[in-house]
Amino acid sequence: MSDLGAILDRIGAEMAAAPDRGRVADYIPELARISDRHFAMAVCTADGQTFITGEADTPFSIQSVSKVFTLAIALGRLGDQLWTRVGREPSGLAFNSMVQLEYERGIPRNPFINAGALVVTDAILAGHKPRELLGEILRFLREAAGEDDIHINKAVAASEQATGHRNLALAHFMAAHGNLLHAPDLTCGTYFHQCAIEMSARQLALAGRFLIGAPDLPRMLAPGRTRRINALMMTCGHYDGSGEFAYRVGLPGKSGVGGGILVIAPGRASIAVWSPGLNAQGNSQLGTLAVERLARATGWSVFG
Amino acid sequence: MSDLGAILDRIGAEMAAAPDRGRVADYIPELARISDRHFAMAVCTADGQTFITGEADTPFSIQSVSKVFTLAIALGRLGDQLWTRVGREPSGLAFNSMVQLEYERGIPRNPFINAGALVVTDAILAGHKPRELLGEILRFLREAAGEDDIHINKAVAASEQATGHRNLALAHFMAAHGNLLHAPDLTCGTYFHQCAIEMSARQLALAGRFLIGAPDLPRMLAPGRTRRINALMMTCGHYDGSGEFAYRVGLPGKSGVGGGILVIAPGRASIAVWSPGLNAQGNSQLGTLAVERLARATGWSVFG
Amino acid sequence: MSDLGAILDRIGAEMAAAPDRGRVADYIPELARISDRHFAMAVCTADGQTFITGEADTPFSIQSVSKVFTLAIALGRLGDQLWTRVGREPSGLAFNSMVQLEYERGIPRNPFINAGALVVTDAILAGHKPRELLGEILRFLREAAGEDDIHINKAVAASEQATGHRNLALAHFMAAHGNLLHAPDLTCGTYFHQCAIEMSARQLALAGRFLIGAPDLPRMLAPGRTRRINALMMTCGHYDGSGEFAYRVGLPGKSGVGGGILVIAPGRASIAVWSPGLNAQGNSQLGTLAVERLARATGWSVFG
Amino acid sequence: MSDLGAILDRIGAEMAAAPDRGRVADYIPELARISDRHFAMAVCTADGQTFITGEADTPFSIQSVSKVFTLAIALGRLGDQLWTRVGREPSGLAFNSMVQLEYERGIPRNPFINAGALVVTDAILAGHKPRELLGEILRFLREAAGEDDIHINKAVAASEQATGHRNLALAHFMAAHGNLLHAPDLTCGTYFHQCAIEMSARQLALAGRFLIGAPDLPRMLAPGRTRRINALMMTCGHYDGSGEFAYRVGLPGKSGVGGGILVIAPGRASIAVWSPGLNAQGNSQLGTLAVERLARATGWSVFG
């Protein structure tokens, strides 16, 4: 494991020189202004070490990576009851598609597409005010990461709200099918804030340690549940690019349009990577490439 | 590992007593006559041992499990060139759907749905007569299994041919998009015979050993390729039940409508299970349950 | 034409005795309470006469029949410019489907499905407050009908608003594609009120006279435009039952879930029918049957 | 009616000068070679006169216009029984789409899309050899037109057969759903020959006279049935451009990819037009424009 620092250094250098950096998401104005030059990677190993390269202490908008943590909270609170409202299958469609939602009567395919994540947030909002739930999500992240300096960027939240028509369409559609407990505005408003959480790559890798399944790390959830979150990240974590990520990287991961990806090497490590330029499926172009190289160099693929 | 025999015995006993055995596929007349009482399981470990329970030496129709082996042959012969004709993403739809094929202009989503498997067979048919290719597939299986007694059931092949309109529809549709090298009749005829291969659970587990990635086992393909076949089995191996299989079992697998499933525990074991009754997604009901229990008892899930 | 009274009398008697009256729409609570026993029919001929049968002076909720009149206002005000925002093709799908809207990037197929009607209302809302536009719609109807006693039922409007999630989903979705000028709440709120307009069959038949294209009747729009509204009613006026209505009746018509249908016999008559029970496509069961019999008895089909 | 000659002359001159002539279909090699310069129009009026302009005696491939006549034969022979196998609704999709066929389990939407026309041909093939049925279709056309010189172009039929994979895909798909009586090869082979019938514009207009519904013209079918064929031509005759044709022209019509359109002005005239260049929906670009101008000049729109 003494090589891990060297591996990360090499990857960091390669990514700095990479010519094709993807395209920064342009549909949330506050995110569209981020430069595609950023790159950061952090790896927390099962034995408690942390390795970094690049701007690993610069906070970025975790966006859909937050879905991993709200799912963990939901499974901890509701258990398998959650699965009456959302499925566990890859969608085969874009992250914000309504087509499948219509054919399948308001039950989203999985918790990592937007419709499914809205259902998860809606489920754990029950009995809380939005502000309280957002406080709980932040507490979960801070405890998992062992760091307090994790916050919501209000300007980003406001920017998402202003351009959030597609998520509101999904929420109203599910409400029409009786699959939303709260008013669409309320659930979406909470969701927009959750997506606007900012963390550094180091913090995100730390926060992901509970999914490694190693004995001496923070434990936020029963082992059976963390295993299943990893399974969902493998089959559904990269929208309609999940098969490709599994094929190239061989590890479960969850990406966000802010350019972050949280990747788990079960039993071995929690990995966070950030580079804002996205590929055609909406996943970080260099982030994917960097974890692919890490997986190859370390032999961490779960597939042999 | 001395417990593995005991674990299999227990699973065999549980499955014999299971009340809900699923429904035997009825659309291929020759298969519709099989009793739902059958059950067999075989496990070949990385250190060369084999454990069995049930009717592990009774041959059954491997059907779509054959797609794993034709994919291996295709990757060995064509390499990444194959991916210009077929994708690597879960489909989110039934195994024989034409909807996505139309929206995506004749390029099937992955090699494990029917359209994709037809493309794979069509690709390796190039330069061969159907009989020659079928001979090569059988030789691959025999060499991988280290057993010679593996054959095609001609009555089943004829039965598939007689009721194969949906596969012919897929083949003609791809031909219309220029994604078929041979006449649809020829490619489909070869495919129907490949699906009609019969193997016992023991033979199938043996034939799957090259996907374990262990040093002392038969090696049919470069390690990088076997890893990727496992990745595809994880995300796409159970049609529109792939997410569910990953969630419950946590191992890559490929099912067939004959009731067989080949499952790989990377670095550890190759597992074959057979029970003809299918669940709603067309995967073996008891087969899935049996490997779920095996994975739990052994801790073999790749997800921690 | 002296027989027309007798024809209507006979149809009225047949409808009173009809055993299968369809099902009253249940998704708007205020409408779900209406009895399926109601029946009314009114015919205004090109020469200025009016014939009625049944409860022709009982007001009912015109619902989507209002789309004919907002389209007339929109064409009068915007002309062909309207067609940059909405198409002119039958949809082949349910009246509130989102599938096509997604594949066609937020441009509804025609002005008579919900998404298209929302665009029309949104277009004529420009420069107005909702209250002003609703006033204009009522004025248009009153002038066309030559009757002042036409109003909005506020309880129905409130009921639609409370259960209007699917329309809000459509509106937000179009907003996401830049095809909505106003906030979804505002456009939908106006639309819910427009749907809650109440008229009697007699009033509705009178209001439809401008579409007959006869010289001595009220003229609300240039003849070329009324002809085209009739064409759209023929191909798109009954959602995914438009082909069936054309086949059986042979006249352009527009139905509403309140059980009303406005039908035009070009050059001859304007016909309104009302019976609250709906068929599987969401069109009045007895209303359709009644106009089918009227068309057969009079020979008014446009198809020979 | 003395002006009709002058109207046609003017339209012929305008079409000769039209700069945008559409694109000749390229997917049937034999048709791809036809020049886009051709134009012909013929009008047979209810009183027995015929007016022409352009190359009205040059035979062209009627392609899908043949569907009108096979539908007439099927309705004459099977009556309403036909509608258990094919629907009467516009499809809202391309002429050769498989999407709807899958969602609606092998029942085509209407007799004028390819799948529906295959069902019609399959239905009237019952009890006949393909050659016999093709003879019957030709006899029907010759009798309706009162002309004997109507034939099948065998080179075109062979060319369709060689590139007919999409139609074979549709046929196999329907066979899989039990909605085809004959082997797909047989039904498709007959259909390809039926599409390869050649007629001149004059002959086609003559053959369409039975749909006018006038007393002194050849009668091939009961009046109730001709009315309904006209209704289907109005709502479904131009594939996913049917709404647009109804909007612009206001008359029922059926187009073919050979560039022909048969249009009926009920009670007034049968119109045939031919110009090989197609618009985006696969309908004759100048043919549509020419009948639009004819309808405007004559006031023949059925919509007032």
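Each chain carries a letter (A, B, C and D) given by its place in the written order, and its residues are counted from 1.
We take it that contacts are C-beta pairs under 8 Å (C-beta built on N, C-alpha and C of every residue); 3 or more make two chains touch, one makes a residue touch a chain.
Treat the numbers as computed from the prediction; the structure is a model and nothing was measured.
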| item | value |
| --- | --- |
| Chains touching both chain A and chain B | none |
| Greatest separation from chain B - chain, by CA centre | C |
| Between chain D and chain B, distance of the C-alpha-averaged centres to the nearest whole Å | 47 |
| Whole-Å separation of chain centres (CA-atom averages), chain A against chain D | 55 |
| Separation of chain C from chain D, taking each centre as the mean of its C-alpha atoms, in whole Å | 32 |
| Two or more partner chains touched - positions in chain D | none |
| Each pair of chains that touches, named by its two labels | A-B, A-C, B-D, C-D |
| Chain B-touching residues of chain D, taken from the complex the two chains share | 97-99, 101-103, 165-166, 168-170, 172-173, 175-176, 184 |
| Complex interface listing, chain B residues touching chain A | 87-93, 100, 109-110, 211-213, 223, 226-228, 230-232, 234-236, 240-244, 246-247, 250, 252, 264, 266-267, 301-304 |
